[in-house]
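Listed after this line are the structures, all set down as structure tokens.
Shared between the two complexes below is chain A, which has chain B as its partner in the first and chain C in the second.
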Partner chain A sequence: MHDVYNFVSGPLVWVAFIVFIAGSLYRVISLIMLVNKKEKFIFDYMSFKYSLRSIIRWSIPFATVNWRKHPVLTVVTFAFHICLIVAPLFILAHSVLIDESWNISWWSFSDTIGDIMTVIVIAGSIFFLIRRVVLPEVKFVTSASDYVILAIVAAPFITGFIAYHQWFAYPNMMIFHIISGEIMLMAIPFTRLRHMLLSPFTRAYMGSEFGGVRHSKDW
Partner chain B sequence: MKKRTIFIAILLFFSVFVFMAAYSQEDIKFVDNSAFAKPERAPSLFAHDEHNENAELEECSECHHVYDEDGKKIEDESSEDQMCSDCHAEKASGSKLALMKAFHTNCKGCHVKEKKGPVMCGECHVNNPAAGK
Partner chain C sequence: MSEPAKKEQEKVVDQGIDVGIARLTEDKIKHTINSVIKVETGARLKAYVETCIHCGLCSEACHYYLSQGNDPKFSPVGKVKQTMWEMLKKKGKVSPEFMRRAVEIAHTECNLCKRCAQYCPFGIDIAYIMTVVRRIIHKLGITPLYIQDTAHSHSVTMNQMWVKDDEWPDTLQWQEEEAQAEIPTLRIPLEKEGADIMYSVIAPEPKFQAQLIYQAAVIMDVAGVNWTMPATPGWDNSDMAMFTGDNELMGRLKRSHFETAARLKVKKIVMGECGHAFRSVYDMGNRWLGWKMPPIPIVHAIEFYYELLKAGKIKIAKKYATPVTLHDPCNVVRGGGLEEKARYVAHAICEEVIEMHPNREHNYCCCAGGGVINCGPPYKMKRIKGNKVKADQLFRAKTDGAETLITPCHNCHSGLHDIVTHYEIGMDIKFFGDIIYEAMEKPGAIDG
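Moving on, here comes the complex of A and B:
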């Protein structure tokens, strides 16, 4: 078990972060290069002001008509995405490992708060799963890969939750938890999880077009 | 009446063993975490004598270390007459590690080095020790 643990918590973490960061850079750069090659005119009306205006507006719950039309989705998606990003960064056990590895006293919150945020992510995943199956307009645009990426995202949180509570198969659950987290990181640039990187660009484009070309709001 | 006196005497007699078991140095089952104001995790499972037998530890100072002012370990001195928290406060000061980090470094650090013993959080901080073993 020591060898497995050392491998997944050592070299594999480096591999995961290198793939995640290099892959993300590749994604963003190749997108910009593609636009430059095919639709260069977009750069003419890209506006920093209208981009930022749109990004900020859409980052506030209920600030847009679309958020107000879907109040349940709005609450779930904001809670889900915030917890998804914040929980792994500041879970107490992660902070302890960061301190042990690099002598950095990283911030952390109590185990109880970490536990609640984990439950929110798992509940959000279930909500999105049901939504994909039940709502016709969502089902229509759903492919098998959407279920796979949902599973990739939910897995580190489910295994982390079970491992934290030590319900069963503790050492193995811990290994699964680490591996599933690494898979999630590596999947971000190469699946639709890349919306984490690219959604600000999409928003900026729409904000610029609506603000600068159509002279209207995009919310 | 006499029966009752004998009963109480027997009870007292055995209660001494209970106390001895609970307080004797020989019977440490957990790491004492009373120095933490608000511990987040269950105290670490740690059977002192069993551990040292398994790990074939001869020197107390292997764990009960003493460091000098410059942060160098003093080889011939040991500190088993002290609590870890006598030196290591909850917050780090100077070269002295914070108490939690001192525990983790002392225990896990050695386990990692020796490739023996628990290294994952829940292997030491067992939520419900009775159910696990």
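Moving on, here comes the complex of A and C:
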């Protein structure tokens, strides 16, 4: 058990981060190189001002017509994504790990806040799952991979939640938690979770076209 | 009134598709799809397809989806699933029957209005994906018959309506004579080198709406504009090739148009009240030719009228009394940002302007643009039933008091005419030019 724990919390962490960072860089750089090779004109139309205008607008809840049309979804998706990114960075237990490993004192928030954020991510995952099953326009375009990526994202939070509360099988749950976290990181560049990497670019390009050429709003 | 939307669509007979499909082999389809995707597309298609998280949030942007009882087959992403996703997933190995359905979707169930691009949180350009599908359709030779015929006309005559070389100046001189009965000094200057403005129109104007040229000539004359029209091919700014995916032909058309303006050494091109032509000269055709923005400034009629009214070059004798509502055409509003200028013009020439909702860049499409109406009679009812949401929107504007509908776009004009007639809305449909001509002071006119 200790061997497994040491492996997943040691070498495998490095593998996960290397795959995540290298894979992400590969995704972004290869996309830009593809633009350079085949659609160079895109560089000419890209506008810093209008890219930012579009990204910022869509990053504010209820600032776009479509966010306002779907108030529940908007609240859930913003809460979900913020917690998804922020919670792992500042959970107290993670902060302790960083401190113990490298003697770096990292910020953290209280266990209660970490707990709440974890619940928000799990609840958000359930919301998205129900949405996929229930809404015809979502169900129609849903494939197996959509459920898989949802599971990949939910897993570290579910296992982390159970492990933190030590409800059952604590040592195993810890290992599952670490592995599922590593899987999520590694999956980002290679599944549709890559919308995390690519959406700023598609948003920026559409923002530039709407602002610079079409003189219109893309929200 | 409209049938229930859920009823199965009748199978349409379209020789352009039927004959073309009969000639296809799976090998040819596979080769064509893969070569278009590999050679002609790049980061955009890749990023759009890979970034889409299948959330369905684009659905409510689409008038087809809203009009067909929220049928997911008509949602923007639903249309991509039934076309491009399958083509990519199967690496081009799709059947002729699949391609038949792809033609229906890309050509008659999407107006390329780009409203969905405003609803996608990631800004995915589904209209672009549909134009790639249309490009594949073009290369396979299965484009719907009617729109392909207009593309053939473009190719042979450089205009959309088979107007012959001698018929064009003849029509202009005929309209000049007609207008001289009203303003004896009026001219339609042909081939005037060094004029400030070249005025260009779409071919349906000389073909069957010649009065629009008459009206434009009166406006130009009264405003004292130094203008001209070419007597040669290159006068037509329309472009159905852009919608069939025949990019090479689109390039020929736009080159001819821009070169005609260059030959006449004009400072800018003013175009009539047409939306798709604006998209062609301002967005698509110029880019195909390698111009980031149009090589010669393009001024749409809305902007031109705005400038004339603002500068006091035309004065309104008596404002149009009937309450109007204003339809924002996608290509000049979502595609050109002319919504506030359109409102300035509307308020300057009409007593009362009543907004329809939604409006401006969020207005619902006419369901005629993007080449859909040009696919002809076989798809007329589909187009009308696919836009019940527009009828509802117009009904509400009528309830608010609007009796006349202003649509500064030819395609919108024709499409909304069908909507207004079928759903018995009872509204007059007018161009800005119609109302300006009616309401303006005409100092040189015989009557007054």
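Keep this in mind: the second predicted complex is superposed on the first by the 219 of 219 C-alpha atoms of A that agree within 3 Å, B and C clash if a C-alpha of one lies under 4 Å from a C-alpha of the other, contacts with A are read in each partner's own complex, and residues count from 1 in each chain.
Here is the rule we use: a residue touches a chain if its C-beta (ideal position, glycine included) is under 8 Å from a C-beta of that chain, and two chains touch if they have at least 3 such contacts.
Everything numeric in this text was worked out from a predicted model, so none of it was measured.
Using the contact criterion defined above for the overlaid structures, shared-chain residue A:Ala169 touches neither chain B nor chain C, since it reaches no partner. Of the two partner chains placed by the overlay, neither chain B nor chain C lies in contact with A:Ile85. When the two complexes are overlaid, the chain among chain B and chain C that reaches more residues of chain A is C. Looking at the shared chain after the overlay, A:Tyr5 reaches chain B, while chain C stays out of its contact range. In the superposition on chain A, A:Arg194 contacts chain C only, with no contact to chain B. In the overlay built on the shared chain, the residue A:Asp111 is in contact with chain B alone; chain C does not reach it. In the superposition on chain A, A:Ile56 contacts neither chain B nor chain C. Once chain A of one complex is fitted onto chain A of the other, the partner contacts of A:Asp99 are limited to chain B, with no touch recorded for chain C. In the superposition on chain A, none of the residues of chain A is touched both by chain B in one structure and by chain C in the other. Those residues of chain A lying in contact with chain C across their complex are 31-32, 34-35, 37-39, 41-42, 44-45, 54, 58, 65-66, 69-70, 73, 135-143, 146, 192, 194-195, 198-199, 201-207, 209-210, 213-219. By the touch rule above, chain C contacts chain A in their complex via residues 41-44, 46-48, 50-57, 59-61, 65, 70, 72-73, 75, 77-78, 81, 117-119, 121-125, 283, 287, 292-293, 333-337, 361-362.
By the touch rule above, chain A contacts chain B in their complex via residues 2-3, 5-6, 92-93, 96, 99-100, 105, 110-111, 163-166, 170-171, 174.
Contact residues on chain B toward chain A in their complex (touch as defined above): 40-41, 92, 100-101, 104-105, 108, 112, 115-116, 119-123, 126-128, 132.
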